[in-house]
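The following blocks contain the structures, represented as structure tokens.
In the two complexes that follow, chain A is the common piece, with chain B as its partner first and chain C second.
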Partner chain A sequence: MSEVDTGVEEQVGGEGVEFRLIRVIVVKVLQESLRDRWFWLYTIGFAALAASLTLVAIPDSSVVLSGGFGRTGAALVALVQLVVVLMAISLGARVLPSERESGSLAFVLSQPIGRTEVLLGTFVGLGGALLAALAAGFGVAGVLSTLRDASVSASVLIRLTGLSWLLSLCAVAIGLVIGVSQRKVGAATSTALFVWFVLVFLGDLGIMGSVLASRLPVESLFLAAVLNPVEAFRVAAIVALDGSLDALGPAGTYAVDTYGDRVGLIGVGVLVAWVVAPLTLAWLVFRRGADL
Partner chain B sequence: MIRLWFAGLIVGLVALVVPTAEAAEGVPLQDIVDATPSGGVVTLDAAVYTGPVTIDKPVTLRGVEGTVIDGEGIGNVIEVNASGVTIEGVVIRNSGDRLDKEHAGVSADDADGLRVVDNVFEDVLFGMFIRSSRDVAVVGNVIGSKDLFVARRGDGIRLWQSSGALIEGNEIGDGRDTVFWFTDDITVRDNSISNGRYGLHFMYSDNAVVEGNLITDNSVGAFLMYSTNLTVRRNTVVDSRGPSGYGLGLKDMDGVEVSGNRFEGNRIGLYLDNSPSRVDMNHTVLNNVFAFNDTGVMFRPSVKRNSFSENAFIDNTEHVSIDGGGQIDENVWTIAGIGNHWSDYAGYDADDDGVGDLPYRLDDLFSDLTDRHPELRFLLGTPAARAIDMAGEAFPNLRPEPKLIDTAPLVSTPDFPEAPSARGEPSRLTVLAASAILLLVAGAIVAAARPRGIGRVA
Partner chain C sequence: MITIENLVKHYGRTAVLDGVDIEIADGESVGLWGPNGAGKTTIMRCILGLVRYEGSIRVHGIDAKRRPKATRRLIGTVPQELGFYDDLTIRETLQLTRRLRRAPAERLPLVIEQVGLEQHAAKRVRELSGGMKQRLALALALLDDPPVLLLDEPTSSLDLASRELMVRQLEDLRGEGRVLLLCSHNLEELAMLVDRVVALDNGRVVEECPPSQLADRLGLSSWLHLSVAGGDEARAHELLAAKGFNARLNGHGVLVEVSAQRKAVALGHLSESGVEVLDFEVWRR
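Let's look at the complex of A and B:
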């Protein structure tokens, strides 16, 4: 095994990352994802929820003349926060431990493929699978929205899909950190669920508690909230859905007054940082090669 | 001498209503007006006439396409000090910019029966400032302002003690307010008002009809104060997003009927402050749409005697709130067994009579928290906020006192009268195209995952 590891190090150090090999891993991960019943369960569940929300909740344009961001938009954003993050983080967390348990990771690493290629390929492959799932979900929702006189626009559909994918990449990257640091699928899945719970619920509940207990200043509230990728997504999504952050009380008004039109970009920037940082961390842990 | 001779020639031609063959560039309009007899009609050519001009007798100034009256940046472009004057079909531009002097495109005093029709106002501080003039008609004008910070601009239309006016079919944009002071018995109909401070502002002005107006992107849509007997119907008020951001604000108003309006995307759709103010007065808010506002209807705590029926509350972040907390239980949400439509109503209609069998109660726990701690609004709509609401539903001892109970909520939206539309409908074709692209992306990814890649490596 140590020979295999040495060979990988040599290859990575000597020839750099080989994109041809990454593509091999990407295709492999895509195929495995598309065979994964959990992936399909999440995909179908998300598509059904998004479509029903679009059909049932978006008001008829004969009643509402202008359209805008309201509870339905907020519900769609919350749906992405709940389902997509859960889907992506659990996929990201399970993939490497399950390969480790089945022995296929050892087999792959015995081939002339470096750990960097394996990790990057896994990330890109999962990202591709999630893009397929999200594009299918929003695509179906978009088609269904045209069946009735609903006020959804094409640009909103595309922007929401893009942002949701970016959020899913964050969650995959976080999931990969869990995956490279846990040997068993069960442990990785439980850890992923806990992290999801922290990101989606406990973080916000903690902020609420701080506001109630210590009159947290609005700038601290905004900062604390937006550092959470799930909240950063919400900020960017509200802006993308033609909404205004100043609908969100004093902290929203502070954000608009201070950052103006850049507030959506701040959300996107935080999301990108949450892709890069966990992925780097996962790579640092994974390349040590102490997991086989 | 030559100049006088030339002006005399022009006046002679105009008085005879004979069109001039050449453009009369820079002709002083005052000379023409002075030479026009009382009751005369001055037909102006497609030319630039220079102001300022004062009209102190009943005449009609009528332009053709290309007729411009240029104030040269000095004071008012046109001053009217007589009854029976008509200004029609001209471009009025380039007034002074002194806010303290209230420089205007048309400034009128004691000008009963003034008619300002189908004109274009460009680069003027105030569009029209009309004082002490009865039965004025301001119809079909396009009124802009100067490119200044909003508080430095003048009002598109300002009426002061000018009762009986008709303000109809004007397009007013980028000014400050459209404001009526001590002006009774007026009709404000089918105007488009955008990008100003107060779209409409009534002060001490009674017996008015405000209908069919499209009021968009102002700091405040319409703010009606200290006035009585106003009918506000079939208006569309959209995106009032200033610091107050009321779609329609009523302060110390009595005898107001609010019906068939659309309030969409405002900070606050309808703001009620001490209205009605008289104890013998009741207000009816009937058949309006409140959609996508941060708050549908906001009450000051002491507000009483408002009745709401057949309104649709759709996707407001908060349907109803109380400014500063308190109770609004002396307002009514059902009239003669007909309540309102609430987009988050979760009841049912077993007997299929269109009225929900369970009352609509506005008592969610998170809204109660945000009323007391507004900074928590930042987390509105998050899964955590929804979890708190669910906790409130599961544990009744956590549930706050309901802000309102609608005993006969409508399960579907009622019919609404037509109102001016703010935006075009999204194209179904583009939505279909975007959806098709998304589905193609999904399909392409699945296709790319065919087994050939692994085979090649092996």
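Let's look at the complex of A and C:
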């Protein structure tokens, strides 16, 4: 039997956050993701759709909006807005309720690890798994466009992958807020689908409806649009891919006129805020320690 | 040692624990005994910090509420509901726990061998039987050879052979200065494994004594189901009723309520009256 050491605090590094423990959870989440059929379903589906869109868009790739942001780029941005957000938000929302239901969360929290480390490890682990999925999807698109001698350059795909990953981290963080608030996987998944629908569809339609109903000034329209992380991603992606914000209508024109080159940074800033704020909220709820 | 003072836990308006005080000395084995809902498992979950509670718990002087990680560092646990990561193998599950507990790598093959899972280390958890999962839980609890073991119904899902093996392993873990806190419904099992039993009812401690005295102190009774020779069931029933036993016939024999500590008295009366008892089973109330 181990000697009982009165200096246990030194042994375990006090009750502070230990990066070593976060790393253990990251490895566990990555191991699990590689064996999760939902993860593979989403990854294969995303890669197949990215490949299809690349092939469909290439014949018209001579129609380049500017600087390489052609139809392929636009199609991939739309795909990320739909599929990657759905994938990330549902993975984030399911992970903790599923562990709570199976009892594995109680098993882990019976070990010398804190809730903060479990939550951060889960977030980083899911982020790593999603980066791999995005790299696979955009990698397939890149290989196909290279083979077809199309206009989508490697740098476009790398920038798009980076921004898509940032959007997926937002969605994971939002998913974790759902996950720490729901005890059942079914309820968490339904809530995640609802939130995805609101972000992707109702956000757009709601803004359009508000404009028509209240004749919002264009600056408010831009603000309302860019506060939605999915729209912020679209703005940042178009700017990063050297496309024209005219595609966003009067709000895009206003944004370019008012903010100039900073508009892309605003989009990225909104995305970063949408990672930090929900993750902090999830941490506050999870740390408070609902009974297991 | 473990010191629990005025432990209170409510689920909604229901008090699951209502002012529990327990003190366990170094090297002592203590059993928590009581009916379903008495609060045994909740005490374990409070010690591990899995639920919020009022009152104080100290493990080797460490406040479990203020320093839950440091407390859990001292505790190995076999929970009643075994929740693992189903897609991980036994070896991966042990590796995960070893890293969380900072146990030395050399312990891994030792504990796998100790619980007899060497042949199954590459199996995924979802492929394991209930008994193998229970052995895996024990292996995980022993990984860093902790000074405190919490065992919640550790034999509940085991067949007879696995139960005997588990009881032998738990017997070996007693002593050496290790604190062993064991929840069980089974008084016979507790009698083999613990020095003292804390009986709980409705979230309160109702008795504390050596396991051999608990049945008498709480007036516990058992039912004996008797199979008698030569169709003598009706006669056996009459004889036992005449001696003041609560007895009744069922389709296959005679049921008789006996004191948990004096089961053989009923058998003795029947033997003296020439009724041959072929077999009996004990059904504890």
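By definition in this document, the second predicted complex is superposed on the first by the 261 of 292 C-alpha atoms of A that agree within 3 Å, B and C clash if a C-alpha of one lies under 4 Å from a C-alpha of the other, contacts with A are read in each partner's own complex, and residues count from 1 in each chain.
The definition used in the following text is that a contact is a pair of C-beta atoms (placed from the backbone, for glycine too) under 8 Å apart; a residue touches a chain by one contact, two chains touch by 3 or more.
Source: prediction; values computed, not measured.
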### Summary
Between chain B and chain C, the one with more contact residues on chain A is chain B
### Query
Which holds for A:R183: it touches chain B only (first), chain C only (second), both, or neither?
neither
### Task
In the overlay, answer first, second, both or neither for which of chain B and chain C A:L157 touches.
first
### Query
Is A:F107 contacted by the first partner chain B, the second partner chain C, both or neither?
second
### Query
Looking at the overlay, what does A:G252 touch: chain B (first), chain C (second), both, or neither?
first
### Query
Given the touch rule stated above, what does A:V24 touch, chain B (first), chain C (second), both, or neither?
both
### Task
Would you please give the residues of chain A that touch chain B in one complex and also touch chain C in the other complex?
24, 28, 31, 111
#### Entry: Sites on chain A touched by chain B in the complex
23-24, 27-28, 30-31, 34, 57, 59-61, 63-75, 77-78, 81-82, 111, 128-129, 131-133, 135-136, 138-143, 145-146, 149, 151-155, 157-158, 161, 200-201, 203-205, 207-208, 211-212, 216, 218, 221-222, 225, 231, 234, 244, 246-252
### Task
Spell out the part of chain C that touches chain A in their complex, as residue ranges.
11, 45, 48-52, 60-62, 66-70, 72-75, 77, 79, 81-88, 92, 96-97, 99-102, 144-147, 176-178
## Note on the structure
Per the touch rule above, chain A residues touching chain C in the complex are 1-2, 4, 6, 8-9, 11-12, 14-15, 20-21, 24, 28, 31-32, 35-36, 99, 102-114, 289, 291-292
#### Entry: Residue numbers on chain B that touch chain A, as the complex places them
236, 238-239, 241, 262, 264-265, 267, 289, 291-292, 294, 312, 314-317, 343-344, 369-370, 373-388, 413, 416, 419, 421-423, 425-428, 430-439, 441-442, 445-446, 448-449, 451, 453-454, 457
